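For reference, the structures are reproduced in the following blocks.
In what follows, chain A forms one complex with chain B and a second complex with chain C.
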Partner chain A sequence: MSKNIRLPLIVGLAVLVLLPALLQVMGSGYLFRVSITAMIFVILAASLNFITGVAGLLSLGHAAFYGIGAYTAALLATRYGVPFLLTIPLAGVAAAIGGVLVALPTMRLVSIYFAVATLGMGEIIYGTLLNWVDFTRGPMGIPAIPSFKVFGLDLSGNLGSYLVVAVVMLASLWVLHRLTHSYYGNALRALREDDQCADSMGIDVVRLKGEVFAIACFFAGIAGSLWAHTTGYISPGDFRFGESILVLAMIVVGGLGSLPGAVVGAVLLIVLPEALRPVGDVRMIAVGCVMFFSILLLPKGLFGEVSALNLVRSSFGAGWKPGVRGVVGWR
Partner chain B sequence: MGAHFRGFSMFDAFFVQQLVNGFSVGLVYALIAIGFTLIFGVLNVVNFAHGEVYMVGAYAGVVLITAFAPPLIAVVLFVMAVGAVAGFGLERLAFKPFRRFQDEASLKSKAMREATLLSSLAVSIVVREIVEKLFGGAMRPVPFEAQLTEPIQVGDLSFSTGQFVIFGAAVAMFAGLQFLLYRTRIGLSIRAVANNPLGAKYVGINTDRTIIATFVVGSVMGAVAGILVALYYGSVFPHMGFAPGVKAFVAMVMGGLSSIPGAVICAIFLGLSEAVATEFLAQGWSELIAYGFLLLTLIFFPTGLFGGARDRV
Partner chain C sequence: MTIAKTILGALAGVAVAASAVPALAQKTIALGYQAPLTGEMSQYGEVFRNSATMAVEQFNKSGKLPGATVVLKFEDSKNDAKEGVNIAKKFVDDQEIVGVLGDFSSTVSMAAAQVYAQAGVPQLSQTASHPDYVKISEWQFRNITTQAYEGPFVAKWALGEGKKKIAVIAIQNDWGQSVVSNFKDAVEKNGGQITAVEFYNPGNRDFRTILTKIARERPDAIYLGMFDEDGATLMQQRRQLNVQIPTYATSSLYSPKLVALAGPSADGLKLSTTFAVDNPEPVVKAYVDEYKARYKADPTMFAAQAYDATNIMLAAIAKVGPNVDRKSLRDALAQTAGFPGVTGETTFDPQTREPSKQLARMEIKGGQFTLVK
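After this line comes the complex of A and B, so read on.
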């Protein structure tokens, strides 16, 4: 038992106690801001990894669902004064509905055709955010989005925002971990390797693809709502094709199909450009170079899928061993 | 009655003018789509950096014009050379390293195709950002004397010299490419590699050289399209390749991915429908027409309107 909780305990302690204490001691709002951005992108990368890495559906429009979530949260909070405890899940649900609506017509497409369709969908959603001025205020964006405040408890400071985002991130990662490293995840990996074969083995391919899209877009929407609440201002430019590519670069660098890899990639690609800031604004050049060299030299990623599965097996014990009632696999 | 009739005919002339403008926008997409489709047909990979070749061609031409103000034909020849170098470099950098394995399984494998898709994407990001660093992110005007915007009045319609140049260039490129593909030895080997890379290798075709040739030809066309469009619109900027690149991509998908005439027809169709859409919709919304057509095509005609049969899409 102790073995099964060691890793979550270490990660939880590091993210919830150690890092915020360190940042608080250094007293830098800038470093808090960078960590919050990194954690939001960890959620995004983990959710894209679920579609593209685990289920093998290359999506080039992920930022659009992130945008749907951000706009849902921002509009609910500014127009109707909905508290953040409600806007975060509602943003996720709105993005998930958007994801299912995108998935329904494009489900039959494979490989590059699917990627192109998601690119088109992403641009359509971006164009809608930009042009539906009556509803989204278009390029002016939505200012003055309230920060985290609940039951008279003010979490809008650096530390408070950090803790809210950290808790949501850990919960999202835990859910995605349970989905990825389970029978369900095995079915998705079968789908990725050969969907016709998976279909003939009795896996309901179309239903699984729809579910994967809904789940991943739900988390992308949650990431969007956190972005809206922590920055206080959003505009359509935050949710363009470039952001989709940035998130894609994160999971490619980290290793497609690997949840810890997505985390590593997201942290690297957010922190590295910030560290390079003294050199000049070379953010996107750095992203492009890191992406190119990792595809060239580390095609499996920094933390490949095989090592990720090994880590999960060794830390959570029960992987593919006969368990209660003779059930094999992660439960 | 007379006044009413006159109003109607003025609307008509305006509408025809819109169609003319849409047609030239469509030709711009077609110029890019030709190179795009040539590369896709051979390698069966999407070259995401094509829009950047287009942008680099435009910048190279504008830099030359600003420095020496040579005649148009010299600018085009210079840009063709730049495009050839860019295509060669792009192939060596972003595509060659991922062709390490030559067996049939890896040539068709999804992993290889996605690796080159991502590597060309990465190269395109780096190139665009470097250009932005060197020349700044803002619009850079083309020297006025070099612009192809001199109006030509034909009845109620007004054309500009740029429209004729783009039309001429599109016809010349299309005809030249058809000649290259169907009347020359290198064209024969390009078609052989497009059809079956491994089979082409077995009968003694140097596939590596053929692929380089394809990239060079496609990129030369992309670069020339870039400079002509820059002269027609009168400005260049680092992100100029993205929107027309995506539209050309849409035209290629609608045309059936490996059919060059199909891509050209669909590109012109896209340009025309965007022009017609501006009659009814605001400018921003009409930008989305192309993506709407893309989705409709993918859903109802997954092999494209002019494509041959494929295994699965």
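After this line comes the complex of A and C, so read on.
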């Protein structure tokens, strides 16, 4: 067996057969649910990794595109009865369009200015979901979103939902992996390391940035549709700034620019708070400590291509220049 | 000698354990409680836990349910829908759990409710006020004065005092939406007029623009639908701007924190309430005294609602007996009628499962909440 297909095969087998079989034997709806949440955040982390890790654009508004996807799927399913096989890709398309619309005016911005612009865009989208009461029902949220049902086949149970989410996640990861490990991915890395240099080498920087945003937001939208269908009720509160930061923390802990890193980071930050439940009220402090020490001891994250420090340095520009005795820090 | 002592000790230990078995043979009935015990809403989760623990300890001591002990299992939802759903699945898996209390916000309660509805576990929230919450399935209950009841109550109070033109300020969330729609309908039906409706986004700290804008219309009164911190800020800014329009509010502003933060600015605020610390009724007095003795603080309205929610659940368990299961507990809950709680007599409508409660009128005078007779 060639080495190229061995790893995907093992991963596929583990996610589609071994893990669900194990969970089914244990008969635990709780563990199924935690796995589903983790897989949704794997898609989110992988898509943000594509923008921030691979292309080097610090985005602070990713939860907003996750929200656009969730609302698209929820509104299509509850108002027009569209089946989930259509709502999932349509949610992705809607989020991608949102991503391009955000990318267009912000493309000329670099470093911290771009990050702040995405932060603002995220807040605008959250504010729209919250205040456009006639269309999104505002703070009332959207209840009774149907679960996965297709051609008379009921996939709304623990196992069914798990498998649907797992298949979508694996497909998303495969696409993102192929995009990252190709000439296209190399062009994005050039963009990350030095966009002016990349421009002078003949790479169409503005177009590339727009495409990156569209692709990543497409997958964020898909993650949103999965959240809407598996939870059954969404409201704007699920897509606040805090979620953007959570996803960003996932890829920093896992390692910027690395797809396995994004996957591991997402699983870690979803499973850890659940695993620490027995600790009681201090569990979130324990999660904070894990994040703190992982960035202190592993500045590149678990599998990182570039260190998070480098990203901060390039994003915050002149604030970070080697000072006296080569020490890096705020001057 | 030492070995003999050890053996003797071990035997004694076994004997003690053996004699303790009959007492331990009592059946354990568990209730799940999901609430924000950490994070930005943890102050609410904290008082829920205090009240619920107290209620269950009192119940177990009272001997109302011979042959069984009730235990509470708390889980922290951080007021996050993701975690709320995870907890719901966890509680459903736990076969000891016959019923669930919580969550705090409507968002998290409703996300979790989808799980409870599917699995058939009765869920009683002390605070979820979203109009659609109890419509999710026959398994959802709540112990909160809905705005369908409170809105008309305050509307009639204000209109009765000759306030015909009223402006409304409310928080932009599901609860704020229902505050406005119910109050507006009630005022307009009873011959009054709403001059303005202003929503503000959660986290807003500056109400001066809103106050200036609505004061220009010269309403006879302002009606507030918000929580203590926002209310305190608004009342302070109202005083700074010297807006002297009489102000009414929902029961959510009944909190010691409001007067602590707003100081003299809060004077004259009129609000409806289901619970008052200085209520002389014996059941309320006993609760307030014990809560103070245990936790060195006055119980808030939220604490009282959690206390009643837990007690309603326990009363339903006692009605069914030690062999209670999820279905029989649901049926018993649906029959709750005239429950004498600290937040007034509570009755659940057997069909819609909406609670009805008696409301009282309150006014802040000299930094004190006083009941209006």
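Structure notes:
In the analysis below, the second predicted complex is superposed on the first by the 293 of 331 C-alpha atoms of A that agree within 3 Å, B and C clash if a C-alpha of one lies under 4 Å from a C-alpha of the other, contacts with A are read in each partner's own complex, and residues count from 1 in each chain.
Methods note: a residue touches a chain if its C-beta (ideal position, glycine included) is under 8 Å from a C-beta of that chain, and two chains touch if they have at least 3 such contacts.
This one's a predicted model, so the numbers in the text were calculated from it and none came from an experiment.
After superposition on chain A, the partners chain B and chain C collide with one another. Of the two partner chains, chain B is the only one touched by A:R108; chain C is not. When the shared chain is aligned, no partner comes close enough to touch A:P146: not chain B, not chain C. Looking at the shared chain after the overlay, A:S28 reaches chain C, while chain B stays out of its contact range. Contacts of A:P89 after superposition on the shared chain: neither chain B nor chain C is touched. Of the two partner chains placed around the shared chain by superposition, chain C is the only one that A:Y233 touches, whereas chain B remains out of contact. In the superposition on chain A, A:G288 contacts chain B only, with no contact to chain C. When the two structures are aligned on the shared chain, A:T37 is found in touch with chain C, with no touch to chain B. Applying the stated contact rule after C-alpha superposition, one finds that A:R277 touches chain C and leaves chain B untouched. Of the two partner chains, neither chain B nor chain C is touched by A:G210. The clashing stretch of chain C relative to chain B, chosen from 26-34, 116-124 or 260-268, is 260-268 in the chain A superposition. Comparing the two complexes, residues 127, 130-131, 284 of chain A contact chain B in one case and chain C in the other.
Residue ranges of chain B in contact with chain A, taken from their complex: 46, 94, 97-98, 110-111, 113-115, 117-119, 121-126, 128-130, 133, 242, 246, 249-250, 253, 282, 284-285, 287-288, 291-292, 294-295, 298-299, 302, 312-313.
Those residues of chain C that touch chain A in the complex are listed here as 37-39, 75-76, 78, 81-83, 85-86, 89-90, 92-93, 105, 107, 110-111, 113-115, 119, 130-132, 136, 172-174, 176-177, 199, 201.
Note for the complex: chain A touches chain B at residues 56, 58, 105-106, 108-113, 115-117, 119-121, 123-124, 127-128, 130-131, 241, 245, 248-249, 252, 282, 284-285, 287-289, 291-292, 295-296, 299. For chain A in complex with chain C, the touching residues are 27-30, 32-34, 37, 127, 130-131, 133, 138-141, 143-144, 231-235, 237-238, 270, 273-274, 277, 281, 283-284.
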